[in-house]
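Chain lettering (A, B and C) follows the sequence in which the chains are written, and residue indices restart at 1 in each chain.
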Amino acid sequence: MPPPIIRLVLLTIGIVCVYFTARFFLVPPSFGQYGHYRGNALREIAAREPYWAGRKACDTCHGEIVKKLAAAEHQGLSCETCHGPSRAHVENPEVKLPKLSYSQCVRCHEASPSRPKWLHQITPDKHYTGQVCAECHVPHQPNEVP
Amino acid sequence: MDATILTNVVDALPQFDGYVYPNERTLHPLWSVLIVVYPYITGLVAGAFIMASLVRVFKVKALEPIYRLALLTALAFMLCATLPLLFHLGHPERCFEIMMTPHFSSPMAMFGFVYAWYLMAVLLLELWFDYRRDFVEWSRTETGLRGIIYRAFTLGVTDLSEPALRLDARMGRIISVVGIPSAFLLHGYVGFIFGSIKANPWWGNPLMPIIFIISAMVSGMALCVFAYMFLCWARRITADMRCLDLMISFLFYALVLDAAIEGLDWLHRLYSAEEGIDVLKSVAASKLFYTLLIGQACLGTLVPLLLLGSMQLIRRKITELNRRRVYFSSTVLILMGVLAMRWNVVIGGQLFSKSLRGFMSYKMEFAGHEGWWLSLLLLALPFIILTVFIKYFLDRDLPTIENVVPGAVRHPNSPEAQI
Amino acid sequence: MSENVTRRSVLKNLAGIVGGILAMPAGRTCKAAVQNVFAIAPAPKGYDPNQHKWLMALDVDRCIGCGMCVEACKAENNVPQNNFRTWIERYVITRPKAGSGESRGETFVDSTNGGIGGFKPSLIPKEDILKSFFVPKMCNLCEHSPCTQVCPVGATFEAPDGAVLVDKNYCIGCGFCIQACPYGCRFFNPETHTADKCTLCYHRITRGLKPACVEICPSQARIFGDLKNPVPDDPLRRFMESNKVEELKKSLGTGPRVAYAGLDEEVR
């Protein structure tokens, strides 16, 4: 083989060797475990700490409230929907949750032409202004009067 | 949520009218001006190479003077091709992943390999076989830095016998032939990146790779003409008119093809009037009025077509000086027009929402990594590199083997045949 | 060079082979040291992604547009301010002009800040509204997701359990997946400089919790379940039984799995 071709072939082989050596070091360990991605990624993504406690967590200590809630119209609500993030309280019950303001009720129940008809809606300006929602409605069993 | 915070958030957001998905409300388009510059550069590379291959593969002897210039132009631009991408990536330090774990269903994964193949196995190899004889000769006569460079590039092979030179010529031809589909692949995959995005009605269509390739050829050829004329002007020599006229002919026919395909794209869109057509028409007519209708269509395509077309018909009646003026201005218009085309495709495709209900408006800044300054720099850099290449490899004052060894065999590509 | 098979040459070759074999552990330790950059924290044990197939369904008739799911997601996942892993769209379809012969008037869609804080009253007077509704949007958990198809490095993928995830330690930030998603659910995270999207609260569902948006939704507009391990009286099964469902942009062939009930033709 003529010398230029030999030199070029050697150069090519050298480059290919460098490539495969680089691959040996640089392809991450769990790559290809489940597919064309790092298997460790699943574990890393799942390792994040949850923020919301979830309704089941409240059931442990506040079982009676949850049971009453489950029988009434607000049964679909999670406790944290109204009471806010509660993980700190679940881990240490001494930590108190912030007091609720009734803008929470209006948030869902304010009347809007875009809201579905099955939802009970009120126009805050016209519905007993000056009064607090809890005076007439029990938040956990909304059809009952306090 | 606090009303003041809400107002601030809404005020800080860029302009949009109609309905735009919340994640589309960004300050800059995701693929911004750097992604306009990248296909432009690779297009110039592919086109310049096609011009060079006209000499080797299609044996168009009259274009011999620009052969080396075209290859060096392609190389200068090729070396800068990765820069816009590196600047654009969110994590440029992870760029090696594209070659280590390429995801073969992605056209972008092709980039590392196609780029490496084209740079090393096509451009550098073809240049090496063409220049090998000169490197050997020059390394014998030059000293200092230039001497070291030439000696290094000989790769230690100093055989200048007749069979060796014949081998050089034969390898050059083979590589040229291999290089043509490689050039199409280098730029075609970029067109395919856009053409494969079915989520975007402007981009996702089968004509996109073809449009990209053909406009790339046009831009590369225009660049060769521009570089040749500029170099002749800089060296105070007259350009070879036969070469120039022929290059312009090829450029003209490529431009006709380009205009036809792009026209077909629009014609088809307007005719079949699919779901997003209202939004697309609106984007083309109002947001892209200057860049598409004026810049790309009128100035970049129609005017050069008329100018060059008339040159084809009445060439003999026009003086050489006037012809050169027409050629020069046409190539400048074409180069701007193709850049405008890349802009219209890349930025234009991001000016409307995928909800097909709204538009976004962006403001381009001067500084910053999506700004004017960086892009202009990246477009200027290949020209600087080309100047260096010309100084080292296309310098007509360099002695040839005839001066050093009288009576030796004359290589068809010896520097006298150059500019 | 002559072919001289002497004891010396054989011993030399054997030494070379043994040396090579002994060097392999050293090479592997070296490799492990270099690759330590990629290996990070472990995660909940006992979760096998192949044993689950998650799905979320959305009931447009139950969405009240309170926007609490969007806020819950932001809090749960630290989503940057101007980006959304899920959002609510409000559609207001006006009445057709009298005598125009149209079945409906113009459609107005809005999603101020993704729906966070709820929606301010629409500027369109009530008498002009033909119908109006809220549509929650999120990752459509595509079967043939175009976003994972176009990732050049394998940083985004369809996990075996149906979630479509982004490996933010591997993503190079090219943005191809963001361009390829027809639903607008991906975004470029300005803090991590990678692509980002709804992860189906992967860190919650692998621990037996529900995604934050499902947890917080007050009106059961979001129904979540495991298709491979349905619970008794599975809400997902009930949803599929009692609703005619539709998926978004099905004609693009992305195989979206998120089923919508009560979708209107105007929703894109």
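Heads up, the rule we're going with is that contacts are C-beta pairs under 8 Å (C-beta built on N, C-alpha and C of every residue); 3 or more make two chains touch, one makes a residue touch a chain.
Everything numeric here is computed off the predicted structure, so don't read it as measured data.
Participant: Greatest Cα-centroid separation from chain C: which chain?
Facilitator: B
Participant: Which chain pair is joined by more contacting C-beta pairs, A-B or A-C?
Facilitator: Contact tally favours A-C.
Participant: Find the geometric centre of each of chain B and chain C from their Cα atoms only, then give the gap between the two centres in Å, rounded to an integer.
Facilitator: That pair's centroid distance is 37 Å.
Participant: What is the distance, in whole Å, between the centres of chain A and chain C, each centre taken as the mean of its C-alpha atoms?
Facilitator: One centre to the other, that is 13 Å.
Participant: Would you mind pulling out the distance in Å between where the CA atoms of chain A average out and where those of chain B do?
Facilitator: 47
Participant: By the touch rule stated above, which residues of chain C touch at least two different other chains?
Facilitator: In chain C, residues 154-155, 170 touch at least two other chains, as defined above.
Participant: In chain A, what residues contact two or more other chains?
Facilitator: 26, 28, 31, 36
Participant: Got the chain B residues that touch at least 2 other chains?
Facilitator: Only 97, 101, 103 qualify.
Participant: Write out the stretch or stretches of chain A touching chain C in their complex.
Facilitator: 24-26, 28-31, 34-38, 40-52, 54-56, 74, 76-78, 80-81, 85, 107-108, 110, 112-116, 118-119
Participant: Mind listing the chain B positions that touch chain A in their complex?
Facilitator: 96-97, 99-101, 103, 120, 125, 129, 132, 155-157, 159, 163-164, 167-168, 171
Participant: Applying the document's contact rule, which stretches of chain B touch chain C when the two form their complex?
Facilitator: Its residues touching chain C are 1, 6, 9-10, 12-13, 19, 21-26, 30-31, 88-92, 94-95, 97-98, 101-103, 105-109, 111, 193, 196-200, 353-357.
Participant: Mind pulling up the chain A residues that touch chain B in the complex?
Facilitator: 2-5, 7-8, 11, 15, 19, 22-23, 26-28, 31, 36
Participant: Spell out the residues on chain C that touch chain A in their complex, using ranges where they run on.
Facilitator: 27, 30-32, 34-35, 38-44, 47, 49, 61-66, 68, 72, 75-77, 90-92, 118-119, 121-122, 126, 129, 132-134, 154-160, 165, 167, 169-170, 199, 201-204, 206-207, 209-210, 212, 215-220
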